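Each remark here refers to the structure printed beneath this line.
A, B, C, D, E and F label the chains in the order they appear, each numbered from 1.
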């Protein structure tokens, strides 16, 4: 079995999005793509050269194979996917907004094959072949069995010496802040690396300060064994490395026109993990911000970047046009 | 309350179909429409001038309102729809084939709002306001509660003097022939008018003869109070009126290029019902065949015909181009 | 007959717009929509929950029914439309520009059914069923008979105690400033509420000051019984309520990318009217600015907003994405 | 001034057609092309190598220049077009049908610039520079002034020794058979070459026989100085050359799938004229049928054929694919 | 190294085809796909379950990786592709015709990376890992070095006991019949299996008979060690197996509407090889005809069939729609 | 022969660009246009009323005629194009980026018909019919024969009293800075007008100053007989007229959203030349900046502007929408 730099697991859904900023009620055609937070991370990692694997429980039909086939094309190992004949692939309808009109997601993901995955289904031996495990709060929100899966995975990873990153990724259309907090707090505590959005820190954990650095310190007091990242959207991100207690901030790259917002947070997470694994938190912020900025210019959930353009953006050598 | 010519009820799903005969695996965009056998019948009836009403249980979200809104635009009364906050709207992916490659439907309709409708939810007083009730085997296949709904509706209709048509519409991806037979036989027996495809007569009821007219007589021996229609696809349709025992056949109108096959059977059913209500079985066959042929040239499930073009096709006065 | 919150009447045209900022000379396909200032107002009013009715004279053909059908879908009462077999539906070609290249409208609207409507055609009894009548300068520019229609409608509305708003909406491709001024001055004087763009105030009425508030006071000296609104585009809008003489300004919501500019003025007017009817001029400015900003992100003439998103924008609780 | 093989004049309209066989009521985009019987003939003639000129009265706006520009690209001389600032370019909406559903044209062409052309506007000196003049019944139907234009053109052509072909091209949505007959009979009588569809011969001139050859002889008894062509759609065409009285029939080339029907009659007319000018009526039928068949496979009104493929079709050397 | 059922090598080009039967001169967008005879065969083989490998020399740029990535998605092994930084990927423009208008290919393939491959570049050890080698006349036509490559590959395959099929695939836009004949005759002689189109047999080898079976026998007298297949387009195919000398004919499956003609010959070849390897020439004809018929309904060069639908077509159990 | 204001020559390529900011790897359709620096200049000149001619060596196939035909439509004289049966039309794939992701050009232009043009092929007598000759560094980079062509053209132009402008237009994907410098320096020296981008001045000629005006003076010390223009992208442009030594700067017009960046530099060059010919360098800057800004809002390489909108932008009278 290949040895992975990063393993992740979670749900991937069919993504049906409107074109040209149409409202759902106007649309007569929809873009037919797919995505999910953990798969998005796996793709971005593979694109910048890491060996990533994504694991899920997928329905053995045209939709399931479309998902697995495309992930493989982007360089993600999907050989551990558990195939099933019973379930369904979740669907989300994405109405693409343009500020000040919000994009809006209509989830139709209940009873998906992944949400019905249990600890018994999971191919646990794969954990022995990875250096890093990436988990998100979305998987924990899918069902009781998935919550248990995340908890067990975190524990077993640590037992086997695998580092664990955890991205809170709160979804108000999946669960309430109170329930989320109860489930997520132990996970955030035990993770080696915690990634959380400013809004989620406030809504889920009730942490509110005028200064993001204060929020970060409060988070670090409660959560994570090593690293806490607080993402600020267009203001970039802040990180605190518990090994030295230093807080580092890096502004986001300006993106004047948002081609597709969905997946930018996952792109940041992937970039941060990749950069951190390479050279620590400062490099993590650079790569996280760069991949997130590029993702905002790419249609679909996946950050279909090249390693070269990430480097050019960080080094300041990118241009308007290359010819 | 308005008085309806025909009331029908059933599920309406989001229909996501490939364009230009693409396979699902190739598609990057999908046509975003909706449809369902009973709604298809209601639309065709309204388009040729009958007062039709369609009843269902619909999720109170953008998809549910898209469905109800468009049905209303086509002239169908949707005021009896039961709205719910809990359920989901079923989805089907339609890969458009071209002979000899079959079109293929991938259903994702479990746990839909309609499938969870029960006898208690149904606004039964609407039955008092219609002359005719149209039912299909699809509704009976959705769930136990829907099967009961169909059975009760048929019984209550008869109690109130409402005529009932029943279209078998067997779907192998919903249930097995054996289960279908057990559920459908009593319904077919009690219906005033039975409509059944040749293939379904064979697969579900085990009726096979070289001659369609023989099949029809065998069906008539077992089923329906008044009229049995056997549809033969490109060979047209046969009808037996029990009031005189005569079998009438009418060939289908030639359709050299199929624009969209889905809904043609429902278009026939609507045309047959409308024609029968107007002037008996011969008129029924004329209108059924005409609307079905026109439907095959119209994109989407709905037979968006005009009364004038149906008349022109029947009278032989239609042309290639009107200018 | 229903009782309307707002009644309006005017022309609705087929709108053929280029896609992806193409020039007309490049275009091989055009978006096929429709719109017109008064219908735009009626749609926006209906979308935020008012009972609005739109009245016009429409050709009884596929284009006329497309217009009426879609307005009904958006919640506008079209039952008073006068149908005619003779006329034509006006058309406008819209070349979508991107700054600094202007969008450009090529009107082909002469001899339209609406432009040939006369006082004799108008179903005057509908005035008794509305609280408010909204008129625009465009209708007055269409033809002599339409100008008379506007004048009579304003007078009769007042006779029946109906409030009247008047939006100047000057169109240089319809008439000259001099002719417009002559026709519009009496209408502006008599209206209860006057809405006028800064540029129109200058071009048509010759009112020019460095300070918009001065322009507004000059306008208020001459025009309107109660309320004058001066709209400033990206700078928002100013209002003067004659009941207290106070001038209120509200800045526009930032809209970084204009999806479709056409109809934003009508969206403002609808929002202002709705807000004013609810809670006076300050609420009017809030709702006007909010609906106008959202309209700029929506394709087509119509402000297909939801009441919830208007509220979220005003309250500052809107986000980038809802999921 | 260039010397033309064929001069023709008439109206060219913006053609807005549905895609993928959509109905107008379903369409959200329309194909944006243009065409008109006489321009269609001029294009087909130019494509097979003749020097053709098309003359009209066009509005000096983006639509007018789009029309003239594209005709020039296809090789048609448009230097004699009369430009005007006042008028409008007519429009037609084309709902593309698929048998047995008819395609349908919704004309919006009244008060077009061309329809208001008068004998005084026409640059009559151009007649001295052409060998052949092609006229159609559509121009005669546009307005009184256009009818007069056709009559004068036919007379002056003969005075100057220019041959005249006349294509009846009856349009029921422009005028009644009775009016058409009165206007067209003298024109048909005086034309050197008459081209008429079987249906038009019956509807307009009341000529009905079971045998097309009989119809042709009846037509020849009344009309044309030299040649009469009766077109039979999918059955090809019949011609009678008065110089020898012989009737020749040529079957149409099979066209299994009609890509776009509009303009096929004009393509036939152009091919017949070109072939006749080259080598008489038999060659005329070959070229007429060949260009008409190719036109049916080409989107838009214009027969964008190449001389080589017309030749290959006639010689039987055409294939499925050339590579 | 995996063991392959079939190995093939050749050029794959970017395929830029018109949509909706547009002519190249009309087109403003082109479909962006790729294909090439040998890759087409490899894809079809993989789709019906064989282990196929495709080998080529590809430019290391976005186009080269698009080609290799998609082939891998369809199950073809591309691990032996030779990557180069110098060359270019050939391009072909495909104007999609509709009978009687021919589709037309405009090749722009000179100096492609593959055409510059030499015997020295080829990873010859791969031959030891395959049971079968498939070659075509197109590769032999690309360049002198490619001709030599084909000759050497055929010889070395036989030395290693690998069976060789050869598909003539004459392309008049690449070379003349005389040159082709000189190069191809020795290859056809030595191949174990020869596949040739009726038209190519006549044009290249000068073999003409009224009866295809006679042509086949003449071919068999000169060429191939074991099996000769003569393909007849819509008339199906004939095969002669030299082990028994019997000629078998199988008619083609009817395909009323051709979605995309390109690649149908390669689909037949793949089906024939697969069927022959499984159960001899009769099975070969069945599978060849079935995959070719399905390919005609699939957009693009590749026969994206499923094993199940091939089986259903052969067994006569396929339907219009599966649901 | 017509007398031209400006003659230019160079290569025109097929331009295949992604839509909606897709990456090449995602794209299934491409926009099918064409362009090239010199043709872009010729089009912009013709659009603002100058008589421009473009000369090239073009393949006599559908692509070559598409290019020549469209240039003629835009008013460019293409009568001196040299047609050839042998060569190919170069192609470039354009991946449209959105900041911070760069647009990227993948050239496939080797062995193009134009690149193989030699001094012997060139119709030199055309030089006698033009006032001005425009050359670019791209042509010099195509091949040795093209380099010679540019050198000879510059010399002969001066011999015949024709003014010469030279736009450096460095392309790193065509040649190295060192080779470019060697070839371009003599050309820049002899040109009457030199136009160079800030980045090119630095990369090719090694001229770097903090202040653009310094760079400009350094350039003017070495190059050009009369006028040197240094373009600064979004910062506008600087010009130095050697007749008075004055440096003039003009800021660029703000363009909030870039519809299509390619060709903006050529649009500037055309505007500058046109303005300079009309009224000197200040007018040149105005027109250059205006046409470049408008080009950024127009899809495709060509600046399809109107003279009126250029004037409106310069005079400050342009608006958001004209109606």
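As a working rule, a contact is a pair of C-beta atoms (placed from the backbone, for glycine too) under 8 Å apart; a residue touches a chain by one contact, two chains touch by 3 or more.
These figures come from a predicted structure and were not determined experimentally.
Participant: Spell out the chains that contact chain B while also contacting chain F.
Facilitator: A, C, D, E
Participant: Note the shortest touch-path length, in steps, from chain E to chain F.
Facilitator: The distance in steps between these two chains is 1.
Participant: What's the chain with its C-alpha centre farthest out from chain A?
Facilitator: Farthest from chain A by mean C-alpha position: D.
Participant: I'd like the Å distance between the centres of chain C and chain E, where a centre is the mean of that chain's Cα atoms.
Facilitator: About 63 Å, centre to centre.
Participant: Take the average of all CA coordinates in chain A, do the same for chain E, and state the distance between these two points in whole angstrom.
Facilitator: 43
Participant: Using the touch definition from the top, which residues of chain C touch two or more other chains?
Facilitator: Touching at least two other chains: 19, 25, 28, 69, 256-257.
Participant: Touching residues of chain E toward chain F in the complex: what are they?
Facilitator: 16, 19, 24-25, 27-33, 61-63, 65-66, 69, 88-89, 91, 93, 95, 106, 108, 110-111
Participant: Enumerate the contact residues on chain E facing chain D in the complex.
Facilitator: These residues of chain E touch chain D: 20-23, 25-26, 92, 97-105, 107, 171-173, 233, 256-257, 261-262.
Participant: Quick one: in the complex, what on chain F touches chain C?
Facilitator: Checking each residue of chain F against chain C gives 19, 253-257, 259, 293-294, 297-300, 304, 309, 312-313, 318-323.
Participant: What residues on chain E touch chain A, complex-wise?
Facilitator: 69-70, 72-73
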